[in-house]
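In the two complexes below, subunit A is the common chain; its partner is subunit B in one and subunit C in the other.
This part shows the complex of A and B:
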């Protein structure tokens, strides 16, 4: 019971449930793109052609063949080993094509950021030039390592006389800038060890951009540091690639491959799920944020960072002067406000002019007066934009918090279910419906959360109404399911509860799909209009 | 002896024997951790007649790593008014002190670079984010990620 992460076991359970409950969940992983048979027939227009040529080293036979829903993208997780292998494949390919050493092929590929096509094109044009640029350059008359007499190193200021035998070990790259080997060793070790550099360790000469190649590094640094260097170098394969990204989850060492180009990010939300289980956006690396696209997510996060606390405070503690709209904080007990700016005197309680208050100082019971309600209307208008932001922000934040609370609740419920399993004839499988429900709930709340970000930036038109209808339906379904989870669990009521929760889970999932699918279609059709530019 | 001590000792000997670049003078160089220089700009410039103080601090792995260099704000010195110099703490936004540092550079070449940075200045102006940076800057300019956006001054 405790090990929920056991995928195979989990699959078995799903199968069993399919048979005996006939609700037919999709396997969770199908939502993220690579399940088995996707059972729904609708909205399955594969969008494979959107992702350009899939020419990469991973042998993509196993991806890109599934039929995806229109809001899903193809992706695949890779382990460090498979990344190393993929690099090797690319290197071997280039090495055999140019008939050069594989270490040199590696330098060339790294120099071109693994853009094989560009490398081939340039290399065919002028191999010498490319070699020199990338630092693949051997000149037998000027070896890299050389023991020299009459040499003074420009860095440590030591000269050959200081060395045993009157000769100094020196090193130079293809550029010919020669320094002593000790300095180079210190320099490389500093770069690798302290700065985590690998493929951009350059010649020590100022403004010389020549990159020190793998072989030279191996000749100079300690073996331990060379190992570190190679590890770092492997990582650059992912860093340099536009179709790979490290999974941002803590302690996860996998990388995810996805072929959505940066140019498409204003129309496609590349939500991926690493094999470690972490869902994130391939475009920006943030937690998955469908249906909102990356540019508006960026705007929103920035705005929330800057504004939300301030806005909350302003909303809670201030009112606008009914005459000049200056924001005013009430900092004393008296309701008689005098605006610093326009000197208008007004009442904090009813917002009407103070002159009408006569002698009823320190209290106000004249809420219904027309002058007062007019003043409040003006205030309301000037506050509209602030309130609008808070409306969306509060709902956004609320779903985040609710998702956490749902999880907490589930934690408590789970314990109870375990107890009941021990004291009743219920099997482990039969108490699993809650786990599925909470997972779905969390996922849907995350989707809902980001619909509020999207809604905030949508220009008001008929399409927005459609969007908001979908949002409302999903929200209703989510809250209904959430409510069921709070029902007390009694032994006799379990079958009934299970029935209801399972039905609602399926329904909520359906609503989420509709929401995501409709927004994705909207992006394709260019249906969404924004009230900001990005 | 480590490279840093060897190299700084030699640099110091050279600075003492041949003197630092014209217009600069050693104010303090008692150890191999922190040196101070006075600096003024030769010839016609916006800083004619002014003298500034520079403080160098050397990391253990100098010259593999760049020294920390700031305009002094103490001992009666004030940083120059310059678009790349922060007025409150004397931090300097200069690429060779950051990502373009090369171990081939030395104290003398830094002094020359700073002189030329001042000499080529066209307008006495603080950096655009002077006040904000002054409030939030880390103790050492080396912990700031400067964006070297303008090499002309």
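This part shows the complex of A and C:
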């Protein structure tokens, strides 16, 4: 399964992705009166429409200025600096409200996962209890750092006699559990460097939950490690927040904010796109997987991992022609195969003759459940269930692979276009249509890929037929565009090609939109039934 | 740093050797104070009573700031101990470790883990299933394991394949371990399927996997067992 991981896939193409192609038609977006955003936890039904104003640390009222489609969600990317700023604002607010030190305000906020409202409510109720729970308390009669004679450290077993001048440097938090400063340093450095810990490091005494605050850490560790500590601490702001997530793209330092609650993930697919260009799912952090919802994606990925050995043969790049058995290598993303030897035309996915797929009846996306119901004995049943899985997995994996091949093909074509640009009157702008087409194709194949995951878990009824029809139409459109791109490019035919490719690109985008919009409506209406429980 | 580690471990070993009351013994493997074997008696009023349990102890470079590594040498039937490898699932051996804990206090925590399993955070899922589905039946198997695996050693000693103390004691007493009983299964259940012509080890494997034990037996049909045995 690893060779098909989305992560790798997007690595390859990130730099060539077209920012604009993300969500369909730019020109159809309109300005609308979106205010801020809210964690719509309470309003179970209002998924996208009822965003009210809410006080938020970023003061972001510019999220989602465009009118969103029903399958889109609002989101915004944030840099590390803006995350630091946002934290500072929250800390200052709480510190001045409760009249406490900002380090304590920070511990309290972190303890409450930056849910300021809940902290304020609980703190107003009983500040002592909250302080104790979070590990904040102060006893001015007990100095933190102290040089002591007659002290033995319970951790390193060294005593004051072993120290210069017969006095040992010791440190205790407000709880009074005192150890030598060296042990504190080793302890903190182990936690920070080896375990990547920051906000949760507690007093070394067993079961003492007092959190070691930022200032104390600064007193005991080396400056370099203190810097690391502060970086880690900053990261926890995003880690703890239910409305923020780090962009999973390697080397990307941005975080994305999105306010779709976890409880809605069985109905909403929060597809977001980081400012770096990486499209991913805010709900689970995997590469974007609409229209399939997170829980079934999780099931599916697990299943694919478990069954990868059985299904391995599928990823092979060559197949034999079903008619003359000569070996054929797939070199583009198109599934319409023509044997070089006997000219037999067939479908890469099902090995059936292409003539049965072509115009009005493109039935390669549908698994025939009847053959499963015919199965009488257990053995046949389990074979049928494997076949059913392979049917969907086959198509799922194929779109993944095809998208990669489409990219390769584009690379070659682009080179050719560049050459032509030099020798003809074509401008750079005029050859951009191919890039747009390939970007769209990639995106549509990703959508198609996940429709097969979704189809695998859909309980068969009238609704699934509609789903499969949409899937079939999208697949047909995708293969048509893919096939068009495989055609050899001659200078004279470019204007023609450009028109055809542009038309097909617009059409395939439309098909994707219909697919996504209908599934989203289906989720809203509770139209989809699953054959599994999650 | 390594000096501090050596000083502390040596002192801990000495402390243990001076304290006979706790019943906890620690011995060196290959003369290194950083690879040890700890032994403690199974807790009273538990299925482990009467057994002696050997634990492999590795003191990591970062000790005491990194947790000690421990695993059972003696085979233990317990939800939080791997029945295969002896690996232990215990919070203080992982993220709840603090430098104030010692070899002795950690071994004592292991001992109390034997009395109070955490089946919801299992190391061995099959054993945990057995524990949750029929407590009395689980305890019977745990006692059987104690009897056949934990009865020979009375002091901490390095593990030695040729001279496995428990095996030796078993041979002396003429106790033979039965894989069906080791798997927590009833002999008559195993024989029932063996009589249908299936291989004994395969029957044990399948029944174990299906948790064919205690009260759960009525939830597993004969057909199911046969299908599994046929590989369907």
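Here, the second predicted complex is superposed on the first by the 401 of 534 C-alpha atoms of A that agree within 3 Å, B and C clash if a C-alpha of one lies under 4 Å from a C-alpha of the other, contacts with A are read in each partner's own complex, and residues count from 1 in each chain.
Throughout what follows, a residue touches a chain if its C-beta (ideal position, glycine included) is under 8 Å from a C-beta of that chain, and two chains touch if they have at least 3 such contacts.
This one's a predicted model, so the numbers in the text were calculated from it and none came from an experiment.
With both complexes brought onto subunit A, simultaneous placement of subunit B and subunit C is prevented by a clash.
In the superposition on chain A, A:425 makes contact with neither subunit B nor subunit C. Legend: residue contacts after superposition of the two complexes on their common chain; A:305 is shown touching neither subunit B nor subunit C. Shared-chain residue A:125: touches no atom of subunit B or subunit C. In the superposition on chain A, the residues of subunit A contacted by subunit B and by subunit C overlap at 154-158, 183, 186-187, 190, 194, 204-206.
By the touch criterion given at the top, residues 154-158, 183, 186-187, 190, 194, 202, 204-206, 378-379, 382 of subunit A touch subunit C in their complex.
On the side of subunit A, the complex with subunit B involves touching residues 154-158, 179, 182-183, 186-187, 190-191, 194, 204-208. The touching residues of subunit C, counted against subunit A in their complex, run 1, 4, 7-8, 11, 62, 64-66, 98-101, 227, 232.
By the touch rule above, subunit B contacts subunit A in their complex via residues 3, 6-7, 10-11, 61, 63-65, 96, 100-105.
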